[in-house]
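Each chain carries a letter (A, B, C, D, E and F) given by its place in the written order, and its residues are counted from 1.
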Amino acid sequence: MREQHLRPSPISATVDFEADGVQHGFLRLPYSRDDSAWGSVMIPITVIKNGEGPTALLTGGNHGDEYEGPIALFDLALKLDPAEVRGRVIIVPAMNYPAFLAGTRTSPIDKGNMNRSFPGKPDGTVTEKIADYFQRILLPLADIVLDFHSGGRTLDFLPFCAAHILPDKAQEAKAFEFVRAFGAPYSMKMLEIDAVGMYDTAAEDMGKIFITTELGGGGSATALTAAIAKRGVANVLRHAGIIAGEIDAQPTRWLDMPSDDCFAFAEDGGLVEFLFDLGDTVEQDAVIARILPVGRTGAKPFEVRARMSGLLAARHYPGLIKAGDCCAVLAVTV
Amino acid sequence: MREQHLRPSPISATVDFEADGVQHGFLRLPYSRDDSAWGSVMIPITVIKNGEGPTALLTGGNHGDEYEGPIALFDLALKLDPAEVRGRVIIVPAMNYPAFLAGTRTSPIDKGNMNRSFPGKPDGTVTEKIADYFQRILLPLADIVLDFHSGGRTLDFLPFCAAHILPDKAQEAKAFEFVRAFGAPYSMKMLEIDAVGMYDTAAEDMGKIFITTELGGGGSATALTAAIAKRGVANVLRHAGIIAGEIDAQPTRWLDMPSDDCFAFAEDGGLVEFLFDLGDTVEQDAVIARILPVGRTGAKPFEVRARMSGLLAARHYPGLIKAGDCCAVLAVTV
Amino acid sequence: MREQHLRPSPISATVDFEADGVQHGFLRLPYSRDDSAWGSVMIPITVIKNGEGPTALLTGGNHGDEYEGPIALFDLALKLDPAEVRGRVIIVPAMNYPAFLAGTRTSPIDKGNMNRSFPGKPDGTVTEKIADYFQRILLPLADIVLDFHSGGRTLDFLPFCAAHILPDKAQEAKAFEFVRAFGAPYSMKMLEIDAVGMYDTAAEDMGKIFITTELGGGGSATALTAAIAKRGVANVLRHAGIIAGEIDAQPTRWLDMPSDDCFAFAEDGGLVEFLFDLGDTVEQDAVIARILPVGRTGAKPFEVRARMSGLLAARHYPGLIKAGDCCAVLAVTV
Amino acid sequence: MREQHLRPSPISATVDFEADGVQHGFLRLPYSRDDSAWGSVMIPITVIKNGEGPTALLTGGNHGDEYEGPIALFDLALKLDPAEVRGRVIIVPAMNYPAFLAGTRTSPIDKGNMNRSFPGKPDGTVTEKIADYFQRILLPLADIVLDFHSGGRTLDFLPFCAAHILPDKAQEAKAFEFVRAFGAPYSMKMLEIDAVGMYDTAAEDMGKIFITTELGGGGSATALTAAIAKRGVANVLRHAGIIAGEIDAQPTRWLDMPSDDCFAFAEDGGLVEFLFDLGDTVEQDAVIARILPVGRTGAKPFEVRARMSGLLAARHYPGLIKAGDCCAVLAVTV
Amino acid sequence: MREQHLRPSPISATVDFEADGVQHGFLRLPYSRDDSAWGSVMIPITVIKNGEGPTALLTGGNHGDEYEGPIALFDLALKLDPAEVRGRVIIVPAMNYPAFLAGTRTSPIDKGNMNRSFPGKPDGTVTEKIADYFQRILLPLADIVLDFHSGGRTLDFLPFCAAHILPDKAQEAKAFEFVRAFGAPYSMKMLEIDAVGMYDTAAEDMGKIFITTELGGGGSATALTAAIAKRGVANVLRHAGIIAGEIDAQPTRWLDMPSDDCFAFAEDGGLVEFLFDLGDTVEQDAVIARILPVGRTGAKPFEVRARMSGLLAARHYPGLIKAGDCCAVLAVTV
Amino acid sequence: MREQHLRPSPISATVDFEADGVQHGFLRLPYSRDDSAWGSVMIPITVIKNGEGPTALLTGGNHGDEYEGPIALFDLALKLDPAEVRGRVIIVPAMNYPAFLAGTRTSPIDKGNMNRSFPGKPDGTVTEKIADYFQRILLPLADIVLDFHSGGRTLDFLPFCAAHILPDKAQEAKAFEFVRAFGAPYSMKMLEIDAVGMYDTAAEDMGKIFITTELGGGGSATALTAAIAKRGVANVLRHAGIIAGEIDAQPTRWLDMPSDDCFAFAEDGGLVEFLFDLGDTVEQDAVIARILPVGRTGAKPFEVRARMSGLLAARHYPGLIKAGDCCAVLAVTV
């Protein structure tokens, strides 16, 4: 076992995962630095427990600029009454807390991308230490894991909930039942090509039910997307039997990304003009977006064309685009 | 006359404003700095002229993170055929060009907010030198001025075209005819409390017809908002008689911001959850948004309430908000 | 009158200076910037008023890294009961609020040194706008002004309260009575050579009673220096008749800085070793400090010598010193 | 042996450790970077040797913002006459030399905390390369190691000399004899919970006598604390028999930190007001410090309470504090 | 085999290395970051192939501030007609492309020095990922490798082409034939003391013919040095038989750097005055350069003396020098 | 008189301009800032005086990245024996001393370009305060002013000495006699179009003899260019009669820049390849340089062509060029 050779995590929790009731506390990670020799990163955590039952681990802020998850989870932590609960709900509204406070995808401390840092290291960077704590302490406590994502400041997505195609088909089937329960406007079956370092993979490799979302983006949340997140997490807890009541069922469209042709990249930078909006149908070879050169007027734009037909499922968000940026993602309905 | 005592502008144009045909060139502003002792800022400009007729001065990028204007104007500069024109069209797609290249509201060189820098100074900052060139060279050439704005990276607006309430009612009436011709989904009559330093005021004080827009925001543009901008500028040129053809008429809703009660400010920072989206109707005293404290879970959110009833016309865009930020703007239909 | 030609201040107060009772509010200064197009600086202010009587204007954080004033004033704002008050107390615990939040002497926004920014400008920098608000709105409301200073991160002082030698001897005498009432361990009569731009001068030129302090430094406060500040402000309010009760009288030593020979400057940078501590007596020509060259071992230190005999009243605080830094200040007892 | 598989250190010394006399030189560490392709870090070192005898390795600047050690050691390097010496004294006044030049705890090059970088790596970061040189070259030369620390810019300590509780009780006893000889006002027996990466541990694991200090802090040194350091190092050399003469014996109070209850952390940020100063006695449950919220006046402060009774042995230094910072450390006398 | 255990490279090429003709494309390296969640580094590459024959791998921009190589290679990529080619030419004008765009020696992303990053890592930093791609994909395709260097912004060199003294004398001999063919004004036989991490070593260890250059420096290129590079690369392709025609033969002087005495380092920083220029003959003990202290006038300069006689082959370039910088390099003619 | 209304300069000199002998001292400019509340800028100055006679004011470092002047002047300050002098020599080797220490054209404190800051302001920025001191204190003391320039980090020049075409032909003639005496390889008659803010103009307007130089560039100095500067300043002092002895006469070629056609600007950024070197003859319409696009291989370069025939007198120095940079300057021999 890899874990047994590792140092203990430097993180200590101010909550007791085994105690009944509501506890609001912190994961305290010592972090010595120029502006605080004996400072710490204090990651807010809530544990709500009531007797026996399954454990749901609910996380947002895996990337720090994605807001539907943190909104739904700070709200849930505030409102969920332990009397309503059977089992345990562990809520970490902002996993990569330094990134969340900075409003950035990655940690301002070490540029760590939390979702490429698993299984983490107890003696690594701040981001790796947090990942290690989830790997060795929190994930083992969980039965069902819901990790919220959105597009962040640089991407915008159609709102969907998703799970992965997995080798263990029973595990996969259970996950997709949770996706259905979540009830986002869109739902997706994802096949991860390069799953190394992901929180998703860490959870799935332990046999946990893992579901995730993309619920908008651009570094903001709307009333609409926040409501999807809040309803979704309640539905997930209902489906898990942790809270009682009927699932607030919603229609959903199932999407698939069949190949690399889904992705359209920019080979040149400039001012991007989209000719389609999210949810629009794009025919193969159509110009999805034009990239206008900004160095002078009168210069011919670069065209970004669809390599397959599909729905515009995600797009580059900022008004300027750089060479190498993913400009658009298409998906097909299934 | 103030101008006669000023030094000549250090900016030189590589285009001839009196020549017929299409010219793509630059406003060259010498800018000596550590990384280029004899460097310049090169602001793209297009002049399209055909015989006698009115002059339209079309500008975008007054704030560098607002994209509908630059998209419509780089596109127009590329496509407009002088044979279609009667009179002159002067296009500067990105007035505050250093800000536009940086994707920021203000200039990265001097933090200059172009729309608070008029009438500018020939021996001032880079932003002030650009303002001075518009004040003394470009505005005097124009009959009709269209300046595109959007919300930028930190605000999001319902799309509208607008003009100001003016002391000269004939000038005002003509401006609102152009607003109607523009054909945005919303239109607004604005009363500027503090108009000092604005490009708008500079143009209006010279007796020019001046119209402006807010066409979305968040530091991006959609296919929808870019199309509004492109259609609007064509309608404006048609209404001015500079290009021929029927105006592509569109329905519009007229809005008004009757008092300071339109504005709702955040007194505390945190994670903002909007309970309404743009265009939604909000009753007086309703909670428009909640600001969730991010230092710990379980803390009570701050509420931002409506001080009047109205439509949600603009909102703070990023997911985090700081104390003092304008959270929401309401407007009433007229 | 200079003021009548100026624009109105862009700052609006959320408190009513004429209302009885306690009000905690803000001076809201609109500040448009890249990360908040419609943002503001929100400077906390408290007004405590009860009927007729004199007005005391109490300020800290004129320099943002000086802490005794803010501690005493945030505490006073929290605790002072309007029932105890006769007249009015206006408390601004952190004048240069952006600097205070950053823990720096000057504003991180514009590098403005508040105490060199008076009389300010309504259309200037953020720091100048705050100065202008004090100049035109707050100072005219006041009878007695107490402005707290300490050494900040880069200087350390013996704790003293002070007032200026003034042309108006009646005004001067009243000020020194307040200095005596304050009751710091040391008291000083200051003759300002270059008083241009100071808040002190702005207040004194209006005929206000103005006193100030230096209460330690190094970018921190001790329990001892905070207690001096808290006792001092209470004594000042008692002496003014704004709150009732006996002055908590304290012994004080009067200091004087008779000439430029008080100051000892470093002509070379390095690691500074003081041979005397604050309050020690230094004879003329004695080596106050040695500056050890840090580029190599075995190099001869530079010596900083006393140009007069006196008490060590202030010293450079950080362990490293730069050429041109004031190393030490001597004072004589009177 | 781990070492035999490692590359040789890239560091070369310009001094000969085996030569008699005084040598002032450098540890030269090649460091290729954007502003010097063939640059180096030049760490000052002095070797003073006279015939046979023990070797003392004396270091300061392990953290770059702690000044008593560098003052005492630059001074000693300048003054120590080899004729007075029996054996060898190796002096490195600033181990983490880039951090020392920057006045920061960690290296500005790689953010390396020297005291968490042992045993280092010859092909690692600059900080790791320095650690590796101490690990493989300098520590093996030493019999007694004295490493100076203080609180740095963000902590302040009662002045003490210390050694560790060790498994080898003979080694431990010798170390505490040196602590007694040092003669600081306070002395401490430390039990390191997490000793991984420390210079202390590296030395102790080789069987060396290792003592260390905390001699004040706040990013400065006083005449008093510098004198403690200078006297202490002389006493240590006398106790080791390297220089002759009587130890300048001083009274000391022995302190102990019996449990984690010694530490009091801040859970919220703000303006910190200490109610006790260093050396004061604090009863269990007493409020050690109050943290005043800075976002508005009139808000209730957070209280930091003592979890045990004891002497205030260390405190957070800067006037502002962040959530997660260690606010205070208590110790008991033994 | 080390390679078989590694993950596949995350880099994908948009060119087909086996197709005949000219292809201009990219090495696309996914790089998720705050300003582009799904961004990439796009490294330009050209493949020119015509039937069977040897493969030359031509690289510039190994360090990003060295320009002769990129000039010669962007030019060659533009001009080389596949009809002229027998075999294959793979051109990467800027290996460390992020560094090249920034005009810096190392990568602005990770501070990676490409020539100390081999063999790289597929899951390492951006620089290590690029190195890994060369190690595992491009170098195996090559028969002859030419890697252009110059002095960069901080060094200036006499223009030379070079190869290494190698254990395999046949390989070494072939390399020196290519050096002779290149035809730089100077040629050098280099013995690398510390070859760890170098691209050179990676290529040579695979048995490839590897030659390199130093062709000037200072962060610029002259018409003269660019012409040397352009002629040299053509000569190399001719010598390899990849393009036809006579070698444009040039006289060259062979240089040797016999020992560490070649290098003269600065022990103090300041303003550097060279007393010799590149190519000048310097006698042993002569003052090569004086370092003028800049803190005050009238201070004695430090002298940098020659430790051997020779030609001044390289020098520190910027006008200021820091302690530890290599000031001058001497070479002898052979 | 403008000056009489101004505040006194805040700068104090530690030298006595009227005392005979050599004095090395400082211009001390108080500069309060975050890292030193009572800090100063200490600008080195030397005064060498011997009885009656003319005063020469010698300056370097007007731009901080130009090194021939500082080398010649730190050297002269060190070596010039007052016994050799008749009259007075005032030497300021680095006028914009903060810029000089940073190795940048402009001041790192305020981005001030010293040569666009005259006449300065006593209450302005640091750069303006220095300019004001020269304007009101130093220039009035001088008869002859020599101000050294070179190309700095971003330009490279043929080495020349120059003076301006002036309305006062007697003043002009005397200046050109000094240019001839200086004895640079090239000499130039300059007609300044926009002389506002220049030190040159400030001196000339007072009737002083003012000469200047451009002696190379690229942010470095060679043995050759430093020797030109050292010989030139000695020749100037001889010609002025301040030191005795024959002028070390040198051949020079006179250059003229007849019109704006001398300047060739880059309209696009990229990698610049010069086809001519400094001193080469370029025919009208010839391609002086090619700008290679760096975004992809195979893209057509932009050409920078000569608008007149002439000698290449100056060029952009760094390997990359930005749109708007001056690429090349041609001059004609006269």
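FYI, contacts are C-beta pairs under 8 Å (C-beta built on N, C-alpha and C of every residue); 3 or more make two chains touch, one makes a residue touch a chain.
Keep in mind that what you see is a predicted model, and the values were worked out from it rather than measured.
Enquirer: Touching both chain A and chain B, which chains are there?
Expert: For chain A paired with chain B, the chains in contact with each are D, F, in label order.
Enquirer: Average the CA atoms of each chain to get its centre, and name the chain whose centre is farthest from that of chain F.
Expert: Most remote chain from chain F, centroid-wise, comes out as A.
Enquirer: Which chain has its C-alpha centroid at the greatest distance from the C-alpha centroid of chain B?
Expert: D
Enquirer: By how many degrees does chain B turn when fitted onto chain C using C-alpha atoms, rounded in steps of 5?
Expert: The best-fit rotation has an angle of 120 degrees.
Enquirer: Counting in whole Å, what is the centre-to-centre distance of chain C and chain D, each centre being its mean C-alpha position?
Expert: Roughly 35 Å separates the two chain centres.
Enquirer: Could you give the separation in Å between the centres of chain A and chain D, each centre being the mean of its C-alpha atoms?
Expert: It comes to 43 Å between the two C-alpha centres.
Enquirer: State, to the nearest whole Å, the distance from the C-alpha centre of chain A to the C-alpha centre of chain C.
Expert: Using C-alpha averages as centres, the distance is 49 Å.
Enquirer: Two-or-more-chain contact residues of chain F, please, as numbers and ranges.
Expert: Counting only residues that touch two or more other chains, chain F contributes 26, 65, 267, 295-296, 318, 323.
Enquirer: With chains as vertices and touches as edges, which is it: line, ring, star, complete or other?
Expert: Shape of the chain contacts: other, as it matches none of the listed patterns.
Enquirer: Quick one: which chain pairs are touching?
Expert: Chain-chain contacts present: A-B, A-D, A-E, A-F, B-C, B-D, B-F, C-D, C-E, C-F, D-E, E-F.
Enquirer: Touching chain B in the complex: which residues of chain C?
Expert: On the chain C side, the touching residues are 7, 10, 26, 28, 31-42, 123.
Enquirer: Per the contact definition, I'd like the list of chain A residues that touch chain B in the complex.
Expert: Touching chain B from chain A are residues 22, 24, 26, 42, 44-46, 65-67, 70-71, 74-75, 77-78, 91, 93-94, 100-101, 103, 156, 218-224, 226, 271, 273-277, 280, 292, 294-301, 317-320.
Enquirer: State the interface residues of chain F toward chain B in the complex, per the touch definition above.
Expert: On the chain F side, the touching residues are 63, 65, 104-106, 111, 113, 116, 151-155, 194, 196-197, 265, 267, 316, 318, 322-326.
Enquirer: Could you please specify the touching residues of chain A with respect to chain F in the complex?
Expert: On the chain A side, the touching residues are 267-269, 295-296, 323.
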